[in-house]
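After this come two complexes, each holding chain A, first together with chain B and then together with chain C.
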Partner chain A sequence: MALETPPATQERDHTRAALAELLLALADDEFVTGYANSEWTGIAPILEEDIAFSSLAQDELGHARLFYELLAELRGGAVSPDEIAYDRPPEGFRNAQLAERPRGDWAYSVSRQFLYDTADYVRLECLLGSRYTPLAQAAASVIREERYHLLHAHTWLARLAAGDTARERQHAAFTALWPDALGLFEPLPGEAALVESGIQPAPSAALCQRWLEQIEPMLRQLGLPWPFAQRAAGWEPLLAPHYGGRAGRHSREFAQLYDTITSVRRLEPGAQW
Partner chain B sequence: MTTGHANDTARAEAFKQHIAAGGKVEASDWMPGEYRHALIRFIEMHANSELMGVLPEREWIMRAPTLRRKLALTAKVQDEVGHAQLLYRLAEDLGKPRAQMMDDLLAGRTKFHNVFHYPTQSWADVGVIAWLVDAAAILSQKALLGTSYAPYARTMQRICWEESFHIKHGYDIVVTLAGGTAAQRALLQDALNRWWGPLMQMHGPPTPPEHDRDLTLWRIKTRGNEDLRRDFIATYVPRVWELGLALPDPALRRADNGSWEYSPPDWAELRTVVGNHGPRSAERLAFRRLNYEQGAWVRETMAGEQARTQTCGI
Partner chain C sequence: MIDEHDIWQALRELPDPEIPTINLVDLGVILSVELDAGRRCARVLLLPTFNGCPAIELMRDQIRARLEQLGLEARVELAREVRWSTERISAAGRAALASAGIAPPGVPGSTLIPLIEPARCPHCGSRHTTLESAFGPTLCRAIGHCRDCQQPFEQFKPL
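And then the complex of A and B:
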């Protein structure tokens, strides 16, 4: 690890394990989101958007691969990024549950993309300052592409808000999405060590506030559901976040998705594909 | 009226001579109605095939077994959607609205290529489709680079360039499976056995030139069906055999004079299949229809947005 001052061994092992969990959470969010978005490939409502959503999916899978590679390096190169990604039980996944929901209708998918990519952007901005240099470098490379994702997300946010049917669907989507979206900021078990070592420069709770501050004006201006109360400490959710993803607890829908994703690979474990 | 009619006939004759001399036609040029209709029919079927062609492969995007395969397959299917879009735009420029083309496709009034009416049963199908179906398609598509309709030729340049990557992606999957475990080789052989018949039918029956007006009169395409099929066999059969794989045609052999002998493709099957009575025709059309209907509100939202923008004079 490229930390400036190496911590004592036991502490170092603990931090290292926490770093591995962080990389896995970053990779899995992108991996599962990439799969979810690629479900629109070939069947999106308009051809132009079919192409755009496929590009988003490819970017996300590319980012997932990058984070799996960092994790593979951290583990000493004994396992490949593919083995990390595919060859583990469902409870080995650290993605937030937001990523694993079925694609729903178009309003659900583009609203999820808005919430996910705006949150991801805040997280990546924070990681630009990571004291783990490979992670800071990866965040810098990923964030360049994420700017286009934001552009796409904002376009659809405004577009749906301006149509009648679209607006109703958008409201329903946000209502369904909020608890899952808050789950993106579920702290990892080893977060204290990550923050203390400067690997993750800010705690998840602070990132969540930063994210809410950024999107609040847009969403309120468009009259979209905003289930938060303003307190001295920031926005307090009026609903329970769906946590569990960062600890490997997933929805029933994920079990199905997992079966599909790994179905070919499980035919011949260990084979080249 | 008579003078106008005579003028049109003279114009049409001059147009045919221009084409016969290898001349090109642009979208804004005058063209006989018959040429325009032939172009729309040809390009629309091409576009439909790209659009329906994404469905068999799309089923495997979620099941792609490695990160690299997943990325490559998503990109490939995305390319095909992009090709459909480019081709539908060509047909739109010729005067047929996109919504009308979608309606005709979904109602079964227009056609798409035979190979996209069959099921995909394993990951090996993904390799065989990307390698051999795309290889057969690229032969037809390369023959369109010399088409008389210049905008089509320009579009085909881009499409052919992208298709050449698909062939590499498909070949890579096939080679990996061929060099894999016994079970993987069995999957591959099974896929080849199933796809060979449709592949042999894909370029269509041999047609006497005088009956192939797209070829001889309008020069929309530049090579005949049998010519393309023979080229495909001569190039790809040796490559399949090199991988230690078999092809399900006992008559298939290279004769002493270098030409290839093979069993006549099943033209009755081809007619049935492209008439939307193939093993997956109804299912694929129904799936396409369902998704099109479910996306109707999105297209209406966008149409509303365009109308508002135009009213505001932006």
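And then the complex of A and C:
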């Protein structure tokens, strides 16, 4: 069921703007993550992973395109998905900072993939119930492919934990990743309107708890860093999340990545391929 | 006089750009074909497979070009309301995949982690196989290994 009963105009505009922010956050997370993953093409530790990370990248860019298309439709088709993706200043991006960090070592990249894709899965599961039909349909399409990402993420989580140096590096990676990973659940501007209208059926804080509940048994069993305290209301982080991405505030490292992502486009804006 | 049946027949001649042994109809990516009253324009609804699959634009161009040969102006649109799934691959399509050395897809699992069911080795038919990697030469293919004939093989991912 689509949003068939338009609320008062002002409220409707507010909800629409919040929906645009949500679509942008979803698309940008996938877009930037896809680019980051593609950096392993040609240099991954083994050939299978070269292919795997390239495929993960291709999947994520496909998902990003789908969400940019929804956004383009929402804006009445006046802008193309490519224009939305490439023709923005860095502060126009709404991805969490987790996505924009340099790839680091192998342990860092696969640990990031684990945290990102498990979180993304929780978010998509929630959006299956979105009252904005195009978004619910997109989530249903994307989530089927994400199951293969989870398979990859779980395999490497266990594989590194069983190693020696690998395990040390995995530890260091998780320690570095936690504040950024929590930034995935930074509430969106206008989130109250999204939840109220059923576009996003649950608030980000609830999704974050759902995610932590799902991954906690695995991470604790493997003895990986778990910087949370159990409270009546759920898991409380013992460190400050890196927020800002959802409001267009990015790390210094994003400047370079942004430059790379948009470099070809800037060579000849509007070129036909 | 051309009719929709002719169009379906024409579409059967179009190979999948990435796995040319299977045609677009057997792959199940054609949702519907509609001919207008004047029989000059055809509307074809196309279902994307994996979202990131780059073949979709090639399919679109192929369909347009083929229908042009029939004297039709083709409108090829992507359908979003219906999702393509590997269950849409026809029996003939599954046979075509197997003959190309690609294990046909199993039933998509309802569990979080799919692909647990070992594929049948397309070389020797053994079920004694393992999944080597969920990612292969294209987004829709994974890599398996047969413990009996000791050969690697590709398998179509259930979706």
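Just so we're on the same page, the second predicted complex is superposed on the first by the 270 of 273 C-alpha atoms of A that agree within 3 Å, B and C clash if a C-alpha of one lies under 4 Å from a C-alpha of the other, contacts with A are read in each partner's own complex, and residues count from 1 in each chain.
Simple rule for what comes next: a residue touches a chain if its C-beta (ideal position, glycine included) is under 8 Å from a C-beta of that chain, and two chains touch if they have at least 3 such contacts.
All of these numbers come straight from a predicted model, not from anything done at the bench.
Aligning the two structures on chain A places chain B and chain C side by side, free of any clash. Residue contacts after overlaying the shared chain place A:260 against chain B, while chain C stays out of touching range. When both complexes are overlaid on chain A, the residue A:140 reaches chain C alone and has no touch with chain B. When the shared chain is aligned, chain C comes close enough to touch A:63, but chain B does not.
Of the two partner chains placed by the overlay, only chain B lies in contact with A:86; chain C stays clear of it. When both complexes are overlaid on chain A, the residue A:45 reaches chain B alone and has no touch with chain C. In the superposed model, A:148 lies in contact with chain C only, and not with chain B. Within the superposed three-chain model, A:55 lies in touch with chain B and with chain C [touch as defined at top].
Ranking chain B and chain C by residues of chain A touched puts B first. The three-chain arrangement built by superposing both structures on chain A places chain B and chain C 50° apart around the Cα centre of chain A, to the nearest 10.
After the two structures are overlaid on chain A, the closest C-alpha atoms of chain B and chain C sit 6 Å apart. Across the two superposed structures, the residue set of chain A contacted by chain B and also by chain C is 48, 51, 54-55, 58, 61-62, 65. Those residues of chain A whose C-beta lies close enough to touch chain B in the complex are 34-35, 38-39, 41-51, 54-55, 57-58, 61-62, 64-65, 68, 81-82, 85-86, 105-106, 159-160, 162-163, 165-166, 169, 257, 260-261, 263-265, 267-268, 271-273. Partner chain C is touched in their complex by these residues of chain A: 48, 51-52, 54-56, 58-63, 65-66, 134, 137-138, 140-142, 144-145, 147-148, 150-152, 154.
Here chain C touches chain A in the complex through residues 50-54, 80-81, 83, 85, 108, 112-115, 132-137, 139, 142-143, 157, 159, going by the rule given at the top. By the touch criterion stated above, chain B contacts chain A in their complex at residues 51, 54-55, 58, 60-71, 74-75, 77-78, 80-82, 84-85, 88, 122-123, 176, 179-181, 183-184, 287-288, 291, 294-302, 304-305, 308.
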